[in-house]
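Accompanying notes for the structure given below.
As written, the chain order gives the labels A, B, C, D and E, with residue 1 at the start of each chain.
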Amino acid sequence: VSFKMARGQDATTMDPHAQNSGQNFNLLHQIYEPLVHRDNDAKLTPALATAWKITADPTVWEFKLRPGVKFHNGNSFNADDVVFSLTRAMGDKSQMKGLLTSIEQVTKVDDLTVNVKTKGPNPLLVNDLTNLFMMDKEWSEANNVVNSQDFNAKEETYAVRNTNGTGPYVLKVREPDVRSVLAANPAYWGKGQFPLKVSEITYSVIAAAPTRVAALLSGEVDFVQDVPVQDIARIAGTNGMRVNSGAENRSIFFSLNTGDADLKFDTVEGKNPLADLRVRQAIDFAINRSAIQKVVMSGQSTPSGTLLPPGSDGYTKELDAITPYDLNKAKALMKDAGYEAGFGITMHCPNNRYVNDEKICQAVVGMLGQIGIKVTLEARPMAQHSPQIIEGAIDFYLLGWGVPTFDGEYVLKFLYHSREGKGAYGSYNPKYSNAELDGMIKSLATETDKAKRDATMAKALKIAKDSLVHIPVHNQNIAWAMKANYNIPVQTENTFFIKYVDVK
Amino acid sequence: MTLSSEALLEVRDLVVEFPTRRGVLRAVDQISFSLKPGEVLGLVGESGAGKSLTGTALIGLLEPPGRIASGTVHLKGLQINGLPPEELRKVRGRRIGMVFQDPLTSLNPLYRVGEQLIETIRTHLPLSEAEARQRAVDLLVEVGIPAAEKRLDSYPHEFSGGMRQRVVIALALAAEPELVIADEPTTALDVSVQAQIIAVLKRLCREKNTAVILVTHDMGVIAETADRVAVMYAGRIVEIGPVRDVIKAPRHPYTKGLMGSIPDPEVEAERLTQIPGSMPRLAHIPKGCAFNPRCSFAFDRCRTERPPVRTVGSGSVACFLDEAQLTGEARS
Amino acid sequence: MTAAAPKPEASAPLLTVDGLRCVFDVSKPWLNRVLEGAPKQSLQAVDNVGFSIPKGETFALVGESGSGKSTIAKMIVGLLRPTEGAIRFDGTDITKIASAAEMRRLRRRFQMIFQDPYASLNPRMRVDTIIAEPIRAFGLLSDEGAIAARVAELLRLVRLDPADGVKFPHEFSGGQRQRIAIARALAGNPEFLVCDEPTSALDVSVQAQILNLMKDLQAEFGLTYLLISHNLAVVRHMATRVGVLYLGRLVEVAPSRQLFTTPRHPYTRMLLDAVPDLAMTGRQRQPVQGEIPNPINPPAGCHYHPRCPLATQRCKQETPAPRPVGDGLIACHAVEEGRA
Amino acid sequence: MREASTALPKVSLRQKLHKIWDSDIAYSFRQSPVTMAAGLVVILIFVGALLAPLLATQDPFNPAGLNLMDGKTPPLTANEFTQNVYLLGTDDQGRDVLSTILYGSRASLLVGFAAVGLAMLIGVTLGLIAGYRGGIVDSIIMRIADIQLTFPSILVAMMIFGVFRGVLPVQSHATLAVPVLILAIGLSDWPQYARTVRGVTLVERNKEYVQAARVIGLAPLTIMIRHVLPNVLGPVLVIGTLGLALAIIAEATLSYLGVGVPPTQPSLGTLIRIGQEYIASGEWWILLFPSLTLLALALSVNLLGDWLRDALNPKLR
Amino acid sequence: MLAFVLRRLFQAILVMLVVALVSFSLFRFVGDPISVMVGQEATQEDRERMRQELGLDQPFPLQFAAYVGRIVQGEFGISYRVGRPVIDLIAERLPATLELAFCAAIFALVFGVGFGVFTALRRTRFSAKAIMTFSLIGVSLPTFLIGIALIYLFSVELKILPSFGRGQVVDLGVWTTGFLTVSGLKSLVLPAITLGLFQMTLIMRLVRSEMLEVLRADYIKFARARGLSDRAVHFGHALKNTLIPVITIMGIKLGSLVAFAIITETVFQWPGVGFLFISSVQSVDIPLMATYLLLVALFFVTINLIVDMLYFIVDPRLKSGAALARH
């Protein structure tokens, strides 16, 4: 069958290593495949690797590759491609390199075996590989895309608009921001293993939410991946429609620049109010998370006390203890900090990335107003938001963070470790720096003793939480709306695999 | 006045009204006259007296909200006011032609003169395109346009004012109507051209025995052209009669004033006769005789009662002054 | 008022116009000329016109539409710059005046009355404001009370009720409006009035009122008029001297009586013939042949020759110069040659 | 002389008012129920906007006064958490819809009036100069108008926003929104006025009363202002009323495109933009009431403009 | 005729030059022209070399001349946002916008003129008044809201027309068209109505008021006096004369359709240049903004040029130069 789906945003590039973005992976997963992938139940499942294990040397992982796999252009998939792909992803311009910092060397053992040597022991390596797609070496060389696209420089390469994966679908038409058409790969290795009911996918981009919903209700599309929360009830109540929802592995939070001596976007001269922990605590107390959940999110979220989503390694109930809404405490803290009269600050917010992102910001603007912080809201598309975060150019902003590795280290590494450069440690850290914490985070990568590692992680997560550099709001839910003849369960990373889709 | 059988046009107690917010305005008030075939009737009177409205009312082209409130118009015994629009349309152009004051604006600037002529001819006469074209050429020749064949394909703006007015006359006469209403056909033209136009109009109508109602301000034109003349004041006909009588021996005080106001090139007078005051506006027409506030002979009856039209000598006049007073005053 | 002004010599005319010429550029736009090879075109609206008006008299200009009457009037009152020639007002050539102050001083001594009483009054101004405008502009009076009094006086002068000052122009009839226009012209205490077809938009009965008024004012204040009209009857009634214009040229100038009793120039005769008059009842007139030629391409020689029954070869080539004949001027070869 | 001036009748205020009431324009207004209704609506919205601080139950500009828990309360229904009742319900941020409409109308009317005022000022001035001066000045001004016509207001606004985003610091974006809107709409709408005024001026300039003024020796500027200007105001007023409605809608449209007034400072446009997300979700009041207000306002202003056009056209009477 | 055309052409070029100046200023003073050309990662030497190559060290007029030269050759720079040549981006999207604008224009013209004539001829009828009032709603609500309402009515409730996109398009090489497939045509309906509604209303009101004016003209009265049928008077004489003043204004109104398409494209996810422009404004993509500006101006100028020719054909007075000055 032909399957028509719609999303509000398109993948920004088809180069699998150019950006670490769920948006892109969503489409790329149909075309390219990683060695290991996380299925609908968030379990690690073999993809292009049939087996993987840590060898006797704790710093070396061995991957057994799937035999008989062919790329869309007919080339066969082998160890050379794996070596090539991992090396490419670790390249300078790749934004995936942050996931692979632990890797020292990738070597081909035989045609279907690859060894990955890490700098120290890395028990979690496979977790980092679930979105790491395998490319064809020959094809890449022939098309001059041996290096990843430099996304931030808007580099334009062949791989940006053309693909050659091993996945179940072949990209037929690519009109960025309009639609992509994919056809079933007749030579797919998984034939017989998966339902593979869908023979053609039309992936349309419909930015305007009401239009997107209308397209589903009118039957023009079968599936809408990002349903506006306010429309869930209406769609679910419509005959012939179904909405599946579940928690996404993604935390939504505010980040505060604690590092700079003075902020660019505030009204306080010569001082950084956010550097004062009491101010951050006041903000934390002033946010009414349950109101946001009930009103802004129409219930489609779970208020949270940590950036680590439930189900990840390191997550505990205590960690996730939600700061109670307490205006009086917040006001008292503001007074303590010497800001009884409040101050002004600009909040930056994406307006097309997370569920009701701009509205959450707006609600928080109102809440902060109650403790005297006058916030100017600046909302813009994610495409402009994220580079400024990486640049460290803004002071107070909303961000969402998924944890594809399902491990606390992923959060700590990018969000709390001191900045070490783009795509590397601390690349999303709002200039917070804590040497002790840095040490703990670095050690997590190589610690093989599970108990010891868990202890360090718990400690680090606690420090991170108490620092209030990032103030968690909630974990958002995913809601997928579809015609009732489909029943596609949500996937925690908001990625879905059409090969699993069954049609009634 | 009696309904004479030989009359071409018989107008009886015609009233034209405009309903407005401040009441109904009577712009034409119970006028009656008749016209014999081939006769030229001059219609004179001050601006706003209702001359044009009388003309447009006759051919049923009053613009709403203006309407014929009462009275009848008979054309050769056929009552034409109140005819269904389609019937009336067939009378217009076919049996009654019309010439307006301004030749500049009477012709559609976007169509060739020939197109407009042929269109008119074919609307009324069962002629083929070619025949209609020939007739159009003949018409242009008749009104004295040289190189008519060629000029047929010209646009109106390529003609001078006098030529355009000739075209307009040709259009009015295209279907050989029995009556032509010419509403100030020469006012917009130069003296010398004016004489030419009047001559053409007169000649054609005489040749075809067409009756003419000639509306004008110019007593000279009337004197030269008309057989009879009707003088209007504030919507009423105050005097009607043979042209020589009305000009030489006007009976109604208004007519007298009007005639006296005309500077005579032959006579060198220090002052002109002047009628004091100005014509009342429609909304403020005085009771009784409309002219009474300006009339030096007015007496009580004039102020309360409306003078009926009565026959005096060869014409009719609407005034209470008796015969002797009327003519006597005229002589002095 | 003017009565107080010293009486000028009878011999010195108040206004003298000499060799007046006005040329309009009526060329097509530059690009058209280049592409179509069309030459630059000009229109001689007024060509070598000269006359003079003694104080207290009325000089009339007659002629068909487009003959240049209004253009002359506009040049005299300064609305248009003459291309050539002199306009001497009380001895000063106003075309040569450079200083604005002197111009303003002179300006108040002459005024103009326009043809259309409906268009010549600003519909959004009250009548008293309209009449007071020259008073204020020339700074004749500064006290508001005095201005109001003067306006009332002027209104009475033109036989209107001073109480009408608060009304707007549309509340008046055509004749009354023309009176208001006259009152405005008189407000500046002018000695000289240019009247460009002051009654052609009016009815005969109203016309009589205005003409009588003009005569009364002239008698009372010794005003000098330049009267422009194509209505010969009006001219006969008003003027002391008459100039006949044809296509921008003066073809005949003569005292009024002489012109009307013994017209000399063939065009003047034609004009007089064309006037239908009451006495002619039923008589057949011989209508004039032809129409006025296009002023952009006027015929060579005497402009009138294509319509003139007396035209000769000479008329087609040579432009006749105005020559004094009797008490006037005539520009005609036929008259000169004694053929007419 | 003296008596003459005192004899002038004194016009009392009462008489004046009566005259206005009795004038043809007032009469045609009274004769048309639709126009009167439109006038009433405009006055209501106007008064509402003016008195917003008095009438509104909360100040939607002040985030401190809002309670998010009040969000999405249906009209005249108690909120399930706070038990508050709102006449027209609340939006997704807990703002009282009625209050936001009152305040939002302020922003919209401000933008509308200021933009139209600006456009009128530029257009009338340039149109007068072009028409009165003629010649090369006229050509230049009208060519500029032609060029300006190439860009409709939304495009100009978006360009200005785009450039401002590029060159100005973010903090200023929110405060600049309204001035930029006014500037953008004002700048792109002036040619209409200029064209009309120029056309009328060309006609008026040749009317004899203007020539009479020149004969008197009045300065061109005086003539333009005293004589020509009052005669062009009629048509300008007509375009102005219609332009007002268009400006208000342009503001709404720009909000929709994400370059208008920021959502924290509601205008009718932003309210509709927010509301349109709820078009299918059951929270109909968030969209309906602001839309109705805008519709009523724009429709009424348009109707008034239409009426004015006909009332000022003597030929249509 | 030739002179007229040439003058119009000259004016059109003048307009384009001024617009080019505006867009050049955008480049020069808002964006960094070097980055436009070479991308932001170029080395310092590259930039310097580029600066000289582009003549950015030269005086402004020369730079502008060079810019115009580049434009004429179709070089519009490289998009900041996606790093591809702007001309390619626009070329991909242009057919969609032009087809939409074309359909909207046809819709606006046909219904605008039709309703305009109807309401003028039946001025006092209830139906005419209803149309007049109803049409005001078209200009009293923002376009986007009308678009959404139409989607909900025709797509969601009635399910007869598609709610987004262009449907099936046929690629003709340089041009992709939706005119050749049923779904393509169906997809055009709602966006075209949404886009054209506003202009339709304006044209309708314009035609109506002009028509009323013309119906009062002397030549219409005279045509009636000649006994011509109502049809001949209304459609032969009145309509043609009405269209003369209306044509100019229609040119201006239709010329701005491309610019107005921004909104419609957003609502209907119509893959045209307006959509592209929105994203370029949001991301301050100066090269795209500048090019879009030129494009809109070009479209406007072209339509008006065509309209002027039309004007010339309809009005014989122009041929003799009697009324050359159009204002």
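Going forward, contacts are C-beta pairs under 8 Å (C-beta built on N, C-alpha and C of every residue); 3 or more make two chains touch, one makes a residue touch a chain.
The chain lineup, named per UniProt: B = Methionine ABC transporter ATP-binding protein; C = ABC transporter ATP-binding protein; D, E = ABC transporter permease.
Quick caveat: nothing in here was measured; it's all calculated off a predicted structure.
The minimal number of chain-to-chain contact steps leading from chain A to chain B is 2. Touching chain A and chain D (ABC transporter permease) at once are the following chains: E. Two chain pairs, D-E and A-E, are compared here, and D-E has more C-beta pairs in contact (counted per touch definition above). Centres computed as Cα averages put chain A at a distance of 42 Å from chain E (ABC transporter permease). Chain C and chain D (ABC transporter permease) have Cα centroids separated by 50 Å.
In whole angstrom, the spacing between the mean C-alpha positions of chain B and chain E (ABC transporter permease) is 53.
Residue positions of chain C touching 2 or more other chains: none.
Residues of chain A found to touch two or more other chains are 210, 214, 217. The residues of chain E (ABC transporter permease) lying in touch with chain B in their complex are 216-219, 221-230, 232, 236-237, 240-241, 244, 314-317, 320, 322.
Chain contact summary for the complex, chain C toward chain B: residues 64-65, 173-176, 202-209, 211-212, 215, 230, 232-234, 236-237, 257, 260, 270-272, 274-283, 285, 287-288, 291-292. Taken together, the chain E (ABC transporter permease) residues at the contact with chain D (ABC transporter permease) in this complex read 11, 14-15, 18-19, 26, 30-31, 132-133, 136-137, 139-145, 148-149, 152, 156, 209, 212-213, 216, 252, 255-256, 259-260, 262-263, 266, 277-278, 280-282, 284, 286, 289, 293, 296-297, 300-301, 327. Chain D (ABC transporter permease) meets chain E (ABC transporter permease) in the complex at residues 34, 142-143, 146-147, 149-152, 154-155, 158-159, 161-163, 165-167, 195, 198-199, 202, 245-246, 249, 252-253, 256-259, 269, 272-273, 276, 279-280, 291, 294-295, 297-299, 302-303, 306, 309, 315-316. Every residue of chain E (ABC transporter permease) that touches chain A in the complex is listed here, in rising order: 39-41, 79-84, 92, 148, 151-152, 155-156, 159, 162-165, 266-269, 271, 275, 279, 282-283.
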